[in-house]
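What follows are several structures.
You will see two complexes here that share chain A, one where it goes with chain B and one where it goes with chain C.
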Partner chain A sequence: MFGIFTYRKPINYIILINLLAYTYIFYNMKLYKFDTLALGFGVILLLCTAYCIILKGRLGDEYLFLIVSMLLSIGIIMIYRLDNGIGIRQAVWMAIGIAMFILSCQIFRWFKRWEQLAVYYMVAAVFLYLITLIFGRNINGATNWIIIKGQSFQPLEISKILYIFFLACYFRKPDRLFFENSKYTKPMKLRLNRMTLVGFTFLNIGFLMLQREWGSIILISLIYIVVLYVFGKDKLFYFFNVVFAIPIALFGYFFVHHIKVRIDTWLNPWADIAGKGYQITQSLFAISSGGYFGTGIGLGRPDLVPAVNTDFIFSAICEEMGVLTGVAVILLYMMLTYRGLKIVIKVRNGFNKVLGFGITTMLGLQTFIIIGGVIKLIPLTGITLPYISYGGSSLLSSFVILGILQAISKDDFADMDGEINEGE
Partner chain B sequence: MKENKKIIKVLIVICSLFLILVGYLTYIQIFESKEMVQNSYNRRQYQADETTIRGKIFDRNGTVLVYNEEKDNEQQRIYPYGSLYSHVIGYNSKVYGRSLLEASYNNYLLGLDEYTKVFGLFISTDKDKKEGNSLSLTIDHELQKLAHELLGERNGAVVAMNPKTGEILCLVSKPDFDTNEESLTKNWKAMVESQQSPFLPRATQGLYAPGSTFKIVTAAAVIENGLDGLKFNDKGVITIDGKKISNSKGKANGDTDLKKALAVSSNVVFAQLGVKLGQEKLTEMSNKVCFGSDIPFDIPVSKSLFPYHEMEQNDMAAAAIGQGKILVSPLHMAMITSGIANDGVIMKPFLVNSIASSTGKKIKSIKPVEFKQIMEQEVAIKVKKMMQEVVENGTAKNAAIDGVKVAGKTGTAENELTSQKKNKEHAWFVGFAPVENPQIAVAVVLEYSGSSGGSIAAPIAQKVMAEYLSKLREK
Partner chain C sequence: MGIIRLLMNFVFVLVIYCFIFSVIRLIYMDIKSMNFFRANENSPYLKLINQREMLNFKVEETYAVTKNSIIGRSDKNDIIIKDPFISSSHAQITIRDGDFFIKDLGSKNGTFANENTLKEGYEQRLNNGDKIRLGQVEFLFVNAVSDK
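Take a look at the complex of A and B:
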C-alpha cells in the first residue's frame, strides 16, 4: 500500500495534474462552482478505475492507456476552461468512450472471424457514405454530420476504421482476397484483386471529396500508401501508386477551387487576415501569445480562435499552458505511435498485424496533419486531434481503435518478457 | 522479418514528422512570435484595454499628464497637454497601436505585470472594471513646458537630466503632434507623408553630427593621453592631407593651448590633436563614451555612430572636431555631458520614477544606478574647468547665469545640407550647472537652423538651467 504515492508510477502524474488543474480552475476563475471539483474527481476516478481493470484483467499493454489518459486529461481541462458545459459533456463522452474501449477490446478478442468479413466492411462503408450524402447536415463547411434525435455524429469516423479493417483483410495474404475460387487465370486474379483495392480506395476518396473532408482524404491516402509500402509484395505496383498520386494532387490544386484556396492561405495567410486567413492567423496569435510557459489556465484569450474546442484545441493548449506543454503533447503522441508499432512488430497473425499497423499510423498521421495545420507547417485541413479535441464521435471511434490495439497487444504480450509486471 | 524492418522505417519517419512539429513550434516562438503578437489583427492587445481603466501617468510633482475617461461606455485616453508629451509618453490608440512609454509600460498600465497578476489574484474588488497601475515620471512638467515654448516653431530637441542620478528632467522633441485619438485620426495621413517627419522622437532617435560639442570628448582623450601640455600656433586655417580645415569665420587665435582651444572652439588645434591622437585612441575614446553601443532607456534610443574602420589623417581631423561620419542623439550627448559633470561616471538615464498600484501602493520604484565610467575623475575635473572657461570667456557666454558657475560647450555642425547650401548648420549646446555641485545637465540641438550654437542654442539651455536651479533654491 505504501507504493501508492511513489513517483515511479505514471498514473500518479496523471492524478496530480488533474488535481492541480481543477483546484486551480476552482479558485482562479472565480467561479467557486463545486461542479469543477466534482468533474476533477470524476475524471480521476474514471481513469484510475479503467487503469485498474487493464492491470487486473491482464488486458495487455498498460502504457497505451496511460498515454491516452494524459492526453484526455489535458483535453478535458482545456475544454472545461473554454466552456464549462461542453467540458462536462466531454467527460461524459470519455466515460462512454472508456466503456467502449473495454467493450471493443473484449469483443475483438471474443469474435474470431474478423478477417473473413471484407465484403461486409466495404458494403458498410459505402452505406455510411450514402446515408451521409442523403441525410447529411452541413456543420462548419463540411457536409458530414448526421443528426439523430438531436445528437449529431460523423459516420466518417467509422468509415475510416472500416477502411483499415478492409486493408487488414486484403493484406493478410496480399492480392489473394477475392476471386480465389473463380476460374480466372492467376495473373488475371492478381489484376482483379488489385483493381478492387485501388477501386475501393478511390471510392473512399471520392465520397470524402463530396463531403469536402480534405484532411481525411490525405489521411486515407497516406495510410494506403504506407500500408502498401510495408505489406505489399510488388515494388512496381507500389511505384505506380505513388507516381499516380502526383498528377491527381496537381489536378486537385489547379482545378478544385477549395484545395487551391487552402494552399494559397497556407503560403500567405497574412494576405487576407480578415477573411480566408482568419483561422490560421488567429491560431498563430494564440500560440505566440503564450510563450514557452503559457499565460496560465484562464488567463489567455484562446476563445478568440475559431473552432478552438475541436480543430484548434492545440493552439489553446499552447497559449494557456505554454509551447512546452504543446511539445509535451506532441511527444506523448510520439510515444503512443512508438508503443503501437512496438506491439505491431511482435504480432505474428497477419490480419492483426496489418490492422494494428493501420490504426497506429492513422493516429500518428492524423495528429501530424492537424497539429501541422494549426501551426502553419502544412496546409490546414479540418480534422480532430485524437483524444483531445471535443467531439463524441471522434472520441468514441478513437477509443474503439485503442480497444482493438489493446486487444492485439494482449495476444503476443506473453513474449514481452517481464514487461507486464513493470507497473504493478 | 522484412515487414518489421519496414515498420521500423515507418516509425522513424513518423517520429521525425513529430520532431519537425516540435522544431517548427520552437522556431515560431523564437523568431516570429514577437512580431505576430503585435499584429494589429491580434485582438488580445486591445481586449485588456476594454476591461481595464488604463493607469494614469504623473510628472515628478504629481501633475496628471495622461488619464482615462469613460465616454459612451468606451475608455478614452486623454492627453490634457496635447502634443507636449508626444515624444515621451507617446500614444495609445485602438487604430494606430501604441508607442513609447505607452508601449513599453503597457503591461504595468493595464495591470498585466507579474506583481499585479499574482497579488491581484486574491483581491476581489466590487468594481466591474479593473484598474491599472499608475506611473510617476522623473519629468518636471514646468521645465518640459518651458523648453517646449523656448523651442517654439523650430525643429530640434532639448534634453535635461540630473547628472548625479540619471533622472530625465525634460525631454522635448520638435516637431511634435497631438496624441489624442481624435486628432490622430484627423491628421494621421498628413503626418505620415510629412517631410518634417513629426513621428521621429528627435531627442532619443534623431541622429546629428555633434560638431564642436564633440570636442569635450576629444579633450578628455587628449588629457588622458598626456597631450594637454601641447601648444599650437593657430593661423585660422590648416591643411591636413590636402584637405583644408578652418576655424569659424577663419579667425586666427595665435598661440593656443588646449584650454583656450576649447574656449574659442579652435578647429585648427583640435584637428591637429586628432591626428596626434591617431585612430586607435580616438576609437577607444568613442567606444568609452558608448558610440556604437545600445543605450538602455525606458523608450527606444538610436545607437550613436562612430563608423570608421580605416581612418585617414583627414578622417582623424574631422572626427576630432565632431564632423565626418560621426552621428549622435541629443540624449546621448546629454549623457556624456552628465558623465563629465558627475566626475566621469554616467548614471543610467531613466524616465519612470515609480509605479503605484490602483490602491496607491508603490509596487516598484527605480533607484539610480551607475551606467558607465567614461573617464578618470581627474580627467573629468580638468574638462569641467575648461568647459567653465568656455562659458565665462569663450563661445558660450550666452549660457551664463548670474551667481551660478556654468560649464558648457557650443557646436555648429555641418551636415548633408550645408555642402549644397549655406546656413543649414545644426546649432548645438551642451552644458551643466552649477560646476561645483552639478544639478542639471542639458543638451540642446536646433536642426538646420543656420545659426551658431552660441547664439541660439545656448540661451535656451541657459533659461532651462536657470529655471530649474531657481526652483531648487525655493524648496
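Take a look at the complex of A and C:
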C-alpha cells in the first residue's frame, strides 16, 4: 500500500508541488482565504483522477499527460497568484479541458474516416474566418474574438487544428488528393493539387493578416514549411516555397507598419521604453529581478508587466519562481515535443503520422515563438503559451490536440489487449 | 521568515527538477526496452501484460526466448525479475523440436498458464497467445513464427 508514495512516481511530485505552493500562498498572502486550499485540492484531485483514467483505461502514452499536468500546475499557481478570480476560472477551464481531452481521444479513435474529409476541413476553416471577420470584436489589438452570451472565444484556435488536419489529408496521398477522377493528365493533376495546398496555406495567412494575428501567421507558415520538409518528396517544390516566402517577409517588413514596429522594438527596445518598447523592457526587468531562485510567490511585482496573465506569463514565472524554474518549463516543453516525435516515429498509419507530427510541431513552435519573444530572442508576437497561459479557447484547443496525440499513441499499445498480430 | 522564504524557493525548484528527472528515467527505460525488442523481432518472446509503472521493481517490456531459460529472482537466471513474490529460480522454459514448454521449478507461489496452476515438474506446452503468471507479473507468450 505504501508503494504508492515512492519517489519514483512522477505524479507524486505533482501532488507535492501543488500542496507546497497552495499552502505557501495561503500563509504568505496574509489573506487566509480557504478558497486557496480548496483550489489546491481541486487541482490535485482533477489531475490524479485524469491520470488514473489514462492508466486504467489503457489510453496509451501516459508521459504526455504527466508533463502537461506539471505545466498546468505551474500555470494555475502563477495565474492564481496574479489574480485570484482568474485563477479559479482557469481551474474550471482545466476541468472542462481534461474532459475534452478524454472525449477527443475517444472520438478520434471511434470515427475512422478522418482522412476523407479534406474538403470539409477547408470549408469549415474558411467559414470560421468569415464569421470572425463579420462578428469579430477587437480585444487587445487583434480582431479575432467572438462573443456569445458574454463568453468570448477565438475561432482561430480551431482553424489551426483544421489546417493541420488538412495537411495530414494532403500528405497521406501527396499530389493525389483532389481531381482523382477528373480527365486531366497526371502532371496536371499533380500541379493542381499542389496549387490547392499552397492556395489554402495562403488563404489562412491572408485571413490571419486581416485579423492582425502575426504570431499565428508565423506559426502556420512554419508548420507548413516543417511538415513539407519532412514529408514532401519533391526538393525543388520545397525550395520554391522557401524562396517564395522571403520576398513576402521582406514586403511585410517594409510596407506593414505593425510588423516594422515589432522588429524595431526587438532590435532596440530601449529607444522608446515608455511607449513601443514598454512590454518587452518590463518583461526583461521582471526576468532579471528574479535571479536564479526567484523572489518567492507573491513577493515580486509581475503586475507591472502588461498582459502578464496570457502572453507574458513566462516572465512572471521567471520573476517569482526563478530562472531555474523557467529553464525547467522549457525542458518540460522539450520533453513534450520529444515524446510527440517518439509516438509519431512508431505510428504506421500515414494520416496519423502527419497529423501527430503537425500537432507536435505546433506545440513546440508555439512555445518557441512566445518564449523567444518574451526573452527578446526573436521579435515579440502575441500568442499563448500552451497549457500555462490563461485563456479558455487556447487551453481547450491545446487539450483537444493533446487528446488526438494520445489517441494516436495508442496504436503502439493496441497489441496489449490480446490482439497480437493485428497491426503487423 | 526570510530564510523560510528562501528555503521554499529552493524546494520549489528542487521538486520540479526531481519531477523532470523521474519522467526522464521512465522514458529512458521505455526507450531501452524498445531497442531490446527490435534486436529480436522474429524470435518468440514474452510480453509484459502489467502496466510497468504499477510494479515497484525493474522489469522489461519484453523478454526474448531464444534458448532454454530459467526465470527467477536470483542473478544467475536467464530472465531475472526482482519481484518479491517470485522464487529465486521459479520456472523454466524449454525448447524441444521448435516447441516451447514451461515447467515450474518448485516455486513458493506457483506458476500459472492461462490461469491454471502448473504442478511441479509437469511440462505445459506454450502456444502463441498463452498467458503466464508468476508472482505479480503476467506475461503473454508471443510466437509469431509458428502461426504462419
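Here, the second predicted complex is superposed on the first by the 413 of 424 C-alpha atoms of A that agree within 3 Å, B and C clash if a C-alpha of one lies under 4 Å from a C-alpha of the other, contacts with A are read in each partner's own complex, and residues count from 1 in each chain.
Rule of thumb we're sticking to: a contact is a pair of C-beta atoms (placed from the backbone, for glycine too) under 8 Å apart; a residue touches a chain by one contact, two chains touch by 3 or more.
Just so we're clear, the structure is a prediction, and the values are computed from it rather than from any experiment.
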item	value
Partner chain(s) touched by A:114 [first = chain B, second = chain C, both, neither]	neither
Partner chain in contact with A:129 - chain B first, chain C second, else both or neither	neither
Touching partner for A:207 - first (chain B), second (chain C), both, neither	neither
Which superposed partner A:331 touches (first chain B, second chain C, both, neither)	both
Contacts of A:26 with chain B and chain C, given as first, second, both or neither	neither
First (chain B), second (chain C), both or neither touched by A:67	second
Touched partner set for A:294, first chain B, second chain C, both or neither	second
Residues of chain A at both interfaces, chain B in one complex, chain C in the other	28, 299, 331, 338
Residue numbers on chain C that touch chain A, as the complex places them	5-6, 8-13, 15-20, 22-27, 30-31, 47, 49, 51, 53-54, 56, 128-129, 140, 142, 144, 147
Touching residues on chain A, where the partner in the complex is chain C	3, 6-10, 13-14, 16-17, 20-21, 24, 28, 55, 62-63, 66-67, 70, 74, 293-294, 296-297, 299, 321-322, 324-325, 328, 331-332, 335, 338-339, 342, 415-416, 418, 420-421, 424
Contact footprint of chain B on chain A as seen in their complex	28, 30, 226, 229-231, 273-274, 281, 284-285, 287-289, 291-292, 299-301, 304, 318, 323, 326-327, 330-331, 333-334, 337-338, 341, 344-345, 353, 357, 361, 364-365, 367-368, 371-372, 375, 377
Chain B residues within the chain A interface of the complex	3-4, 6-8, 10-11, 14-15, 17-22, 24-26, 28-29, 32-34, 36-37, 39, 41-44, 47, 117, 121, 124
